[in-house]
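Pasting in a structure now, in structure tokens, and then I'll have a few things to ask.
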Amino acid sequence: MPGRPSPSVIDVLLFIARRLALAVATVLAVVTIAFVLGRATGEPGALLLPDNATQADVQALNSSLGFDRPLLVQYLDTLVGLVTGDFGDSYRLRESALGLVLQRVPATIELAFWAFLIGLALAVVAALTIQLTGSRVLRAIVGWAGAIRQSVPDFFFALLLVLVFSVLLGALPSLGRTSYASLVLPVATLATGQFVMYLRLLDAALSEQAGQDYVRTAIAQGQRRSTVLFTRMLPNAIVPVLGMAGLNLGGLLGGTVVVEVVFAWPGLGKLLTDAVSQRDFPIVQAGLVFVALAFVIVNTAVDVLVRRIDTRTAAA
Amino acid sequence: MTTSLTLATAPVVRRWRPRPGAAVGALMLGTVLLLTAIVPLLPGFDPMGQDLRAALRPPFADPAHPLGTDALGRDLLSRLALASAVTLGMTVVIVIMNAVLGSLIGILAGYYGGRLEALITLVSNVTLAMPVVLLLIAICAVLRPSAGLTILVLGCTWWVGYARVTRNIAAALRRQDFVVSPLTQGGDSVWVLTRHIVPNVWPHTLIIAATDVATIVLITSSLEYLGLGVQPPVPSWGSMIFDGQRHLAGDPWLALLPGLVMLLAVGGVQFLSQQFTAETRGGLLRKGGMR
Amino acid sequence: MSTVLRIENLRIETDGDTPRTLVDGVSLQVDRGESLGVVGESGSGKSLTVLAALGLLPVGTRVTGGRIVIDDRVLVDVEADVWAGERELRALRGRTAAMVFQDPMSSLDPLRAVGAQVASAVRVHAPRLSRRAARERAIDLLTSVGVRDAAERAATRPHQWSGGMRQRAMIAMAIAHDPLLLIADEPTTALDVTVQAQVMDLLAEVRDRTGSALVLITHDLGLVAENSDRLTVMHHGRVVETGATRAVLAAPAEDYTRRLMAAMPAEQERATPAVRTGEADALVAENIVVDYRVSGRKTPVRAVDGVSVRIAAGETVAVVGESGCGKSSLAKAVLGIQPAAAGTVVVGGVPVRSELAARTAAERELAQIVFQDPYSALDPRLTVHELVAEPLRIRRAYNRATVGTLLADVGLDESYAKRLPGQLSGGQRQRVGIARALALRPRLLVLDEPVSALDVSIQAQVLTLLDTLQREHGLGYLFISHDLGVVRSIADRVIVMQHGRVVEEAPTAQIFSDPQHPFTRQLLAAVPRLDGPRRTARPAAA
Amino acid sequence: ATGTLLLSGCAGGFDEGGDAGSGDTPTRIVAAIPTDPTSMDPIKSGALVVLSVFFHTFDQLVTITADGELAPKLATEWTPNDDLTQWDFTLQEGVTASNGEAITAEDVAFSYQTILADPTGENFAYLSSVASVEAVDDLTVRFILKSPFSAFPRNTSLISIVPADTYQEMGADAFAQAPIGSGPYVFDKIQTGVSYDLVRNDDYWGAAPAIESISLQPVSSDESRVNGVLSGSLDVAPIGPTQVESVESQDSAQVFSALSNGVVFLGVNSTSGVLTDARIREAIGLAIDKEAITEGLLSGLAEPASTTLAPAVEGYSDEVTDPGYDPDRARELLAEAGYAGEPIPFDYATDGRIPLSADVAQTIQASLEDVGFTVDLRGADQQAHTLKVRGREMEGIYLNTWAPSTVDGDLPLTDLYEPAGNNNYAQDPRTAELAAEQRGVEGESRLDVFTELLSYSNEQGYYVPLYVPMNNYAADPDLDWTPRADGLFDFTQTSFK
């Protein structure tokens, strides 16, 4: 059987081209959906003016925002904005929508990143410990704790954390993004959820690897179990988990709303949900494009990583 | 719950072996189902009847309201039972919709591959990149938020996990000889899909669905936290917890009781489903002594 | 003369409240430089016995009786309650005793370069060796087991290695520390005869160099005949017979051993051909070309390159050749599963399109296939009855009785009808596959390695069945196999393939008596025989 | 500012915030506001929550005190002409903005003129009565109104004065990023949607406030605000009525409650369906036990309302009465009107302006169904609800609230009874006439017009006034502060004990 050639330059270029096409299509589709939903939700003028503003005032505002133009023109305008990166000014805040989104991005990335990293790291540690000790008790304890954590909605879990650590113990700030301490509770809320999920995936993947013949080969050579676990099984087990993690991290970037509300965390999720309900379309568009791009980029990165770890998939 | 995805790798169907976890899980879920089934038959069942003068009664204080009353003086036990029925009902519908849709998409993508698969990848990417919460808020802004709408939106957007898993299985099955062989015997794709692919895929779908029950319950309750979903006065776990939160300091049972019921149900389903996915632990990497 | 491995009265049971005995009272012994063959039917406990010796029993099984001694160290003595610990075993594994496992595909870590895996096997017991030195040693080892361009290939991962090459890598790892004892559990079942011969040569050469003892587990009696000094025959978890290999094979004392020997295919052609003249040819395939498109490559891989085959009704044509030469691809092209890029196919006198999808149901029924792997050929959820009924149902010709007859034809009685494939042995599954293929009364039956997964006794049953059916129904067989003994006993004509082309085609007798092509000769020479040349390490007794 | 923010954000940098926890009396106050403020440009921004910032950083001509009285601020006095169509404001002398620019009548005129020039601006509606503004001299500004308006000075309390030269030099966008005003505080740092930090303006012309720095932070969740105060992250925060009791029982916080300037009411579309029948409208009012809502549901933190104006608001009169709670009479009326169970849509906002709106709506639904109505309860988020109200899409009854930030009856009455009013589903010419009439009269006679209008409205059942809620706050136990009726923050008189 001849050895397969390692991925050629053409392969890599093709991969990049396919990824780019997918990214563009994804962003375009998201923007289009957002546009359609946006126009369906109604014009924002009435939300921007005080209670005593008249219908005429509202009309005037709506047309000054461009809502009197034909839909197609508005859509093309949105697309042009997408290409030039100019999403216009937020209707409410009267600042550059993209600027506002970018202002919130660090807070969201910070939250998502730490939650993801800590969740994954803890899961790796726990899964490895379970495999190494082979302890049923440990697996049972972790399994139970996980099931209980997963049975509590994030908003409630967050509230309980606040009650214990902020109100009762006064140890940690209950809201805002003012110090490193204020990261602890929101990250803890999200990371515990992530932890449970990754632990499940990893434990299953590791258990599957443990049944593979190459593990037996290594043990039969006199390798330490820990060596086998760390250097052989973990890389093999992490490949499918990474794929899931990519999808998940992408989702996390757009979906930390509940935690952001509870902790008054100035993240993208809250900005976006507010923008949607306030019909602040420039922010919605800019935010969704960011989320979609983040999703595509994270997943491309994960794919590249997986291809590096597992060259078998490269040819496929 | 965050709205991020919870996806499982294809679990392995294993023979049912009774374990303590399974018994506990069945007991937990059974308690909730029993609550849902029995309470409506009791004489005092009235989840909607308000009595502001009898508001916020603690549990066990009033025989007419065994678990107390909420801020509007409604019987908590009745509401818990109704909420369980509503939430579980919604969840089951959503899970089934997603499982069917996702498996169908996954099977078709896995079996046919090629263009169809590329299209489905795009659709699932868009679905994942478009936060469900935003979608729901936007749609609720046009239509009125309702249980039906939540079911529809969640039921159509949470299928990616199923699709991915079933796609992989279907793609693997497609290469299996037993799938090819009916084709050589004169059967067509429909025959193969219905007789061989679907029956071999659905047990996996079932397992994901079991774990998804928890996720969907949490997502719907998170959505209720944002005011989307089942509308008052019909209760759901999420809205009960959310409403109860306001009274957490003075009347904590208002949030804790639905929380507990939810824990029982969701935890129960999880324990039960773990029984299917539990591995023969340790495999070849077990402690290496002779004994 | 010192004993390297001694197993006394070993008993292995399953865990749990109602333990099942898997291995009972097994004793065996190997001396320095000696080679012990272990044969026996599938599931007789061969693997468990040797796995137990290194403390590698799978989860759910454990040693409950007996003694295991390796190089004078008592690893287990149940009566004396001696149990070696993990540390002790670790020191022993790979250094004193090493194993070569059956499946070279899965026994290597798919994600690590092969060289690195060999190097880490080196470093396990030589921790002070620098990484670089270990790498160099790994390359030396790979070179010494016959891997060409080892330095370059070491950096590639297992999926880029062929099966034979992988098995070499496994051996390289096993001999990294010149172990006293080498245990090889079916080291060649996945390989074709030429590669098998190379691997066995290599093992002999290694032992010659290091003087280690060998335990060789296999179900190929020819292989043990050529490669072992002593033979242990196992049956139902017990040892039934032990002795000098040649002596046992020449004059088996036990009934089971005799039965084993009798099931070996006879080394002669079949007496009476079943060819029917006057009927349309079962298959006429002309100039078949099969291409596989591989991503990243402009030109497709050509697996079959202009092969023509003619099979008369009632005739058996065997296709032999090394692994990857295009045998299965040819079969798939005939069936239309992998459409031929060029060439014509006429089945039972009917010209058919190359794609399966383009063939009518009636055309599809003309040719049927029995797949290579009996495990993936049957839907695990369907009962035997349903499996055999399926082709009839597709055709809306289902009838209980027909299914019963078909099952009876392949020698499966009513009691099997309700079983699931998981409850059948390999031979029984293969028979279900044949019954399915016969249900539509095809003109041509393609059999892709129908007996390679079976042990000799079951293999004999299947071959007899095929012969009977052919005589009854006048079927044409396209018979793919790498077991030349089987081919000789069943085929009327033999086609030898190499690199996608036919290199020789002749009646069976002529191929075996007077092979023309060098490749054919090479194949024939590699077939292990009971009376074949002994591949010895240093003479043991010397 | 955006650039540096991004940088520090990316580097994971934080500002060490937090309270001065040392032994001295704290001089920094962190207050939670329930929603994100809009732009910091007072010319463009007029949303209520922003006023909590502008009151501190800008001067307005007049101010409204915590108890709703009109008081001088930048203007020392103001006088109308006889027919109330021309108002002259005399300004305080020697006022400068924090960058040194003098604030004169020119700046005042500029601020108003800029607002009037853009009908799409948020503030334009407050000045709909103004025809023109001019600076008579350095310290006198003259407003010419389109029609007589007795309560005009109150409207000026909402308009902040910017230094004209600075504003023009910087341009509106840059000004919004680094606003400059003449108020008792100056902007320290703006993080949009995160925090608005103010420090004391030591050059302020008026009395120096005790608090040195103020941080206003949007916190949207009720629970988070309470826990923020309890855990010390916040010094003062608006809370919901259900939280009052539990906060009161804690040592680590105190509660402030003040009756608000708003009324929660049911809007009734008297022009469609069965609700065109006045008897059925009347039955709605009779069916609702307001006392039960305020005492039971709202724990006494509200007062039943009998008019659409709150007691704190100029124009309120206790002579206006409502028929009270009489379910039996309601049933009779329904029978008389021949109501046959036609479902009445009932819209409410699930979140937002009215605390416990879902509970209130459910209680009302139960009460109405109790007397025989069929009610179709429809929740929507606040914005969708607002759009529906303003789009005149309400088909039956709906829950709404009106709280005039001028603490004067003019704004709500314009909206509720004048033809262009958003809530005016009745379009009754008589109410429109009366609503216009009150502008042209002052004092007692104005009050008489109000009384007449509101009584008429109650008789017709155009609105069902429900209750006047209280504004409730959790606060640091040492905070010495008076909450305002309008729910806005003004910390100029505040200190820590």
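Some points to look at:
Per-chain numbering from 1; labels A, B, C and D assigned in written order.
Note that in this section a residue touches a chain if its C-beta (ideal position, glycine included) is under 8 Å from a C-beta of that chain, and two chains touch if they have at least 3 such contacts.
Since we're looking at a predicted model, the values are computed, not measured.
Common neighbours of subunit B and subunit D (chains touching each): A.
The chain pair with more C-beta contacts between its two chains, of A-B and A-C, is A-B. Between the CA-based centres of subunit A and subunit B the separation comes to 21 Å, rounded to the whole angstrom. Between the CA-based centres of subunit B and subunit C the separation comes to 47 Å, rounded to the whole angstrom. Subunit C and subunit D have CA centres that are 85 Å apart. Those residues of subunit B in touch with two or more other chains are numbered 137, 141, 245, 248, 280-284, 286-288. Annotation for subunit A: residues touching 2 or more other chains are 41-42, 159, 163, 212-213, 216, 219, 225, 261, 277, 279. Residues of subunit C found to touch two or more other chains are 56, 86, 89-90.
Pairwise, the chains that touch each other are A-B, A-C, A-D, B-C, B-D.
Contacts from subunit C toward subunit B in the complex involve residues 55-56, 58-60, 62-63, 75-76, 83-86, 89-90, 335-337, 356-357, 361-362, 364-365, 367-369, 371-373, 376-381, 390-391, 394-395, 436, 439-440. Of all the residues in subunit C, the ones that touch subunit A in their complex are 54, 56, 86, 89-95, 98-99, 101, 103, 106-112, 120-121, 124-125, 153, 156-157, 159-163, 170, 173, 176, 294-297, 323-324. If you check the complex, the residues on subunit B that touch subunit C are 176-178, 180-187, 191, 195-196, 199-200, 280-284, 286-291.
Contact residues of subunit B toward subunit D in the complex are 48-50, 52-53, 55, 71-73, 137, 140-141, 144-145, 227, 231-233, 243, 245-250. Here subunit D touches subunit A in the complex through residues 2, 5-6, 9-10, 12, 14-18, 32, 36, 38-39, 41, 44-48, 119-120, 122, 124-126, 128, 173, 176, 191-195, 217-221, 223-224, 227-228, 230-234, 381-384, 386-387, 390-391, 402, 411, 414-415, 420, 422, going by the rule given at the top.
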